[in-house]
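To keep things simple, chains are lettered A, B, C and D as they appear, and every chain counts its residues starting from 1.
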């Protein structure tokens, strides 16, 4: 006796049936004009400086490499529908742990004096362990990622201060510093590394099932599970990779600066989120591309280097930086055309 | 081959039909034992100190009053389903704007030398304007609250530095300082103010239509709209009130510290979220109570004052603080018994 | 781009070559004074100073700023690295490119600089220790607000204060309070200690800019703000030498401060930058401006400027920079 | 208590089976020692009232949740471990009741989630395959569209296509037809029959009982978390089926308009809609008198929902006027509509109807909060009383007014939405899809509420696709492409109505 009475819905003109230009592609490119404008502004401010490779590589790109790896890590985690505030502390902690195991006590080491080659692997392992621990708390105990990683943000920074005694760790082995310091074919190794990792990220997330799984998990975790994806394992792996990328960021930054300051990375997480979101990554998961994230990093980097090039007064630097970031956020909202959540 | 299989089903009492104890109320009290334990720990560490009113009021409660107002503001905003990272900067900016309008140029004022009585109203108006502006961007432009207030966090701190020239503002009129400094009936006025505002918050959110609307909006904004609640207006008012509470927090902190440092409130937002979440406020909106938020503040305050009482080593203070906060978060997760998001 | 036609004894790009200056932060009274003095002295000394940059408390920004200044033609750099380790690579690069560096306020842990312009921060701790030790007659209880232990200045002051107390005044109990240069933390700690030990007799605050007002508020509210003649007077020694500290000394609210010479920091930093461009060299020993140049190892020289202890007796000295600005 | 004998020892002939399954959610027992045996090549129906535990069984049969006790068997072999997602996927495909669409991904990718290929994905190949699959379901969308741009119906079809195209031998469909129109349902059944002919087994869940008789051979009934009966559909008549579902004899008595007195044609006009135009409709005019129930019928694109939502102020009209009891209602304002005594059951209870974390009482009282106490004060006792009255009047199964509505079954949630709409004793009721997803028994009681309100003198507009819902109406207006094109009295016939809805009648 129950009958459905709407036979003609199929003939109704559905708006979505219009042939559509490749929406995803266009949106991806949305920030490219903005980046070009920023480049142009840089040239207008001081063409002689801006157009030298030394400036572009040394003052614009190289200083963004560590941040860019944090953004890559955060992008992966956000796409999977999670959140990580602790990346900046992981970046600080990982090389510190490796360094105190290697350095002699005179240079604030623990006295274990492990060989120098352990520095990079130990850093990466520390990063992986932090990510694994975050993942464990979030997945096994079903705690909010925001909250877990907020607690870890504070705890890891505290461990960093405790282990290093608040000292900068210097006189590190050159092999450890070279990644962030040396160049190859005229381009800083750090830029090569960041570049390669971003390309790998784009290919895996664009063309591999394993990468597409991140979007599925972030878009609808129940549906992903129903489609046969091991959602917990995917999420956990992403946290581990995120931790390792943060550790690598720490290694690059150490080489770039020549020593590990006790506050390395402190306060960076806000910029990481700003870059990711400007780049079109959604805080709700399942949306955004690695290319977009890269554009976000480049935009932030260009904004800051242009402000420096302009010699903006230090007292107003932050305010102007903030307003431009706000504008960029609004712009990226308008170009993607959708309400944010 | 029709088989009647469970003839007694009709008489079986369905489990879900059992009358239920007031679960929500019990959950509210979940943190009270934890607070009592922390009090006990304080007494065990140093009973002679802990039990003096001077210590309890001056070293435990008074230093938490500004933070507690930020948490109250954040709780209202979170319950409404939004987010505000910029409260800590509002807290810094509002009294600075009022002060530079009043102070002579020798004390880093702008030279306008407005009368001293304008300090408090101007601060509150600045707070309200910031809240209104945040609300405007979020509601009218449908921008993500996280992102808008992240931009504002940076921008407002920058304005603060720019306007004050990065200087501490000393020698403020005593009338302005009295709220955060004087006592009434032996109890600091700031504690009175925070206490009264929390009680007002509890009553309004518990027993008034206007307060219950926050839960409806945060729980399901479309359902709230369909029930006749003016959801945008409610959200907007909550942001304005949040800004004013942050400004009031700034006023109390100014009185407490005797001057406005250029970094007042910087970094507090992490603690604000930790307190709110430990207190059972959900980051997804629609859930949590003002009483819970208060418990969260008290817990954080007691943890810190106990660590001070214990003379914990400065290098490890942060790490221990972080671990205890993490434990508190996990505990509050376990007592409320639900997965967090 | 930084081709250098240096003279044999170093880098002599000419006295008029541009000097790049980076300020470390814009949110502290002490550094704001320094920021005001720098252009003033640049004019006086005839230094061709570029528009300065500001690294906003971030060593990464300092590194990028230096790179920018260099790209824009700086032939000498004046900087104040607050993180003294994480500048090593930059110094190494600048050395390779023969750009002389003068650091202010801090001495880098590693790397070559032309001159360090600094006051002896260990001496600050010692001066404060001696002042309190004498006033308290070698016994009693003292609270110390430590700066951030992740900064060399915070560590130097803390270590020197501790060493001096242990050695000279074993009868004095010191409560070390970690504050991260935050007034609110100092306030809560002082409140706790005063409740636990109402007989506290001395306070050493490592930065007057941040700790002065909160300390006075707590002393006031706990009725500990008493004239020096009162037997229960709490002796307060501060650090920095900003005008507010002098006002408090005049009022008798605090007893002393170390004047960290913001003006001389600016003046001598620029002086040495210019000297470097002119190809001059310096030797350890007394200088003509009441200071000593010390060889601090690996070829680095440090001009240790005088940082006088200011008490009621000399607080009105016109020569003090805190008496020249603002008021 | 599962009495289905485990007769076929090796499970021969059973595509899937579950035995002695119990599942609790906190204090709720969702399944109590139930079982099911689904024979190879058959279509097996699972029916029961809202909250009987059907979807819970589905989640257990697809390995999304572990039962507290009991076991699942596929083709005689025990089910894989919960972590072995691929193992489950080989045994069973499913269209879940809750959408499993990933809104940000393209339609093509949604069809091939986790099956995009083992190596480098070739998007062009994927797009081609996706287009082919959707063509066979007559879904005409560009497969590169993000799924969020699809209509509810198109999304449902994509989910169905995904389940049916994956090559699984056992497929579960949990209320697949709830969002579909007639022709789409017809095409689905066609596909099911073809697949069944090729040996595919189905478990089919629906509240539209005639569909069971149309496509299924066996039926299992659950009630209150228990297994009640399993029988061939040919042996279980409609009345018996309903008795088994409700646990009480007597079947259904959906109230019809004919039981009420005729509406006085000169009676007071409760709602006057004049020349109303807005998004998707133009120049709509009608009047509803006190005590009268009118129906609004039409296709999904006819504009009927939009008209109803505009009357309640959820949408803003572009021109025209709405008057309630002779007074003009401010357009686009729900508070104004409520002030004029208009109440509404919105289109989708999850979207606009309920705040799930709040209690039954608070949801029911949400539209009348301002009337409970002075100055916005809400005395807790008054609110509880509103909740208690709602529970009594609408027969809501709940532990009490203080239970969060999230804990209620779908049908009972819908009753809370009805209670919310009626809490202010509105003189005009706007009901949009009031019985969607609701079991037969709950439907009866919800329509009873409409009937009672009309008898008490309220006017009502019922917007629905279902015949039962329209039977309670005194008049039915049919809309086509945004205009009212036909009007029927109580004597409408299905044939005429469908013709008008399709836009082919000459009336």
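Assume a residue touches a chain if its C-beta (ideal position, glycine included) is under 8 Å from a C-beta of that chain, and two chains touch if they have at least 3 such contacts.
Which chain is which protein? Per UniProt: A, B = Autoinducer 2 import system permease protein LsrD; D = Simple sugar transport system ATP-binding protein.
The structure displayed is predicted, hence computed values, not measured ones.
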item: Of A-D and A-C, whichever chain pair has more C-beta contact pairs; value: A-D
item: Subunit A and subunit D: spacing of chain centres that average the CA atoms, whole Å; value: 43
item: Mean-CA-position distance for subunit B and subunit A (Å); value: 29
item: Subunit B and subunit C, separation of their C-alpha mean positions in angstrom; value: 36
item: Junction residues of subunit C - those touching two or more other chains; value: 25-26, 149
item: Per-residue multi-chain contacts in subunit D, two or more chains; value: none
item: Residues of subunit B engaged with two or more neighbouring chains; value: 161, 165-166, 315, 317
item: Which chain pairs touch, all of them; value: A-B, A-C, A-D, B-C, B-D
item: Complex contacts: residues of subunit D adjacent to subunit A; value: 62, 64, 83, 85-86, 88-89, 94, 96, 98-106, 109, 113-121, 123, 138, 140-142, 144-146, 149-151, 153-154, 177, 180-185, 207-210, 297-301, 465-468, 494, 497-498, 501-503
item: In the complex, subunit A residues that touch subunit B; value: 137, 141-144, 146-148, 150-159, 161-162, 165-166, 270, 273-274, 277, 283, 314-323, 325-326, 329-330, 333, 339-341
item: Subunit A-facing residues of subunit C, complex; value: 1, 23, 25-26, 35, 50-54, 56, 58-61, 63-65, 67-68, 71-72, 83-92, 109-111, 148-150, 154-155
item: Residue ranges of subunit B touching subunit D (in the complex, touch as defined); value: 1-6, 9-10, 12, 14-20, 22, 24, 207-210, 212-213, 215-216, 219-220, 222-230, 286-287
item: Contact footprint of subunit B on subunit C as seen in their complex; value: 25-29, 31-32, 146, 149, 175-178, 182-184, 187-189, 191-192, 195-196, 209-210, 212-214, 216-218, 220-222, 244, 326-327
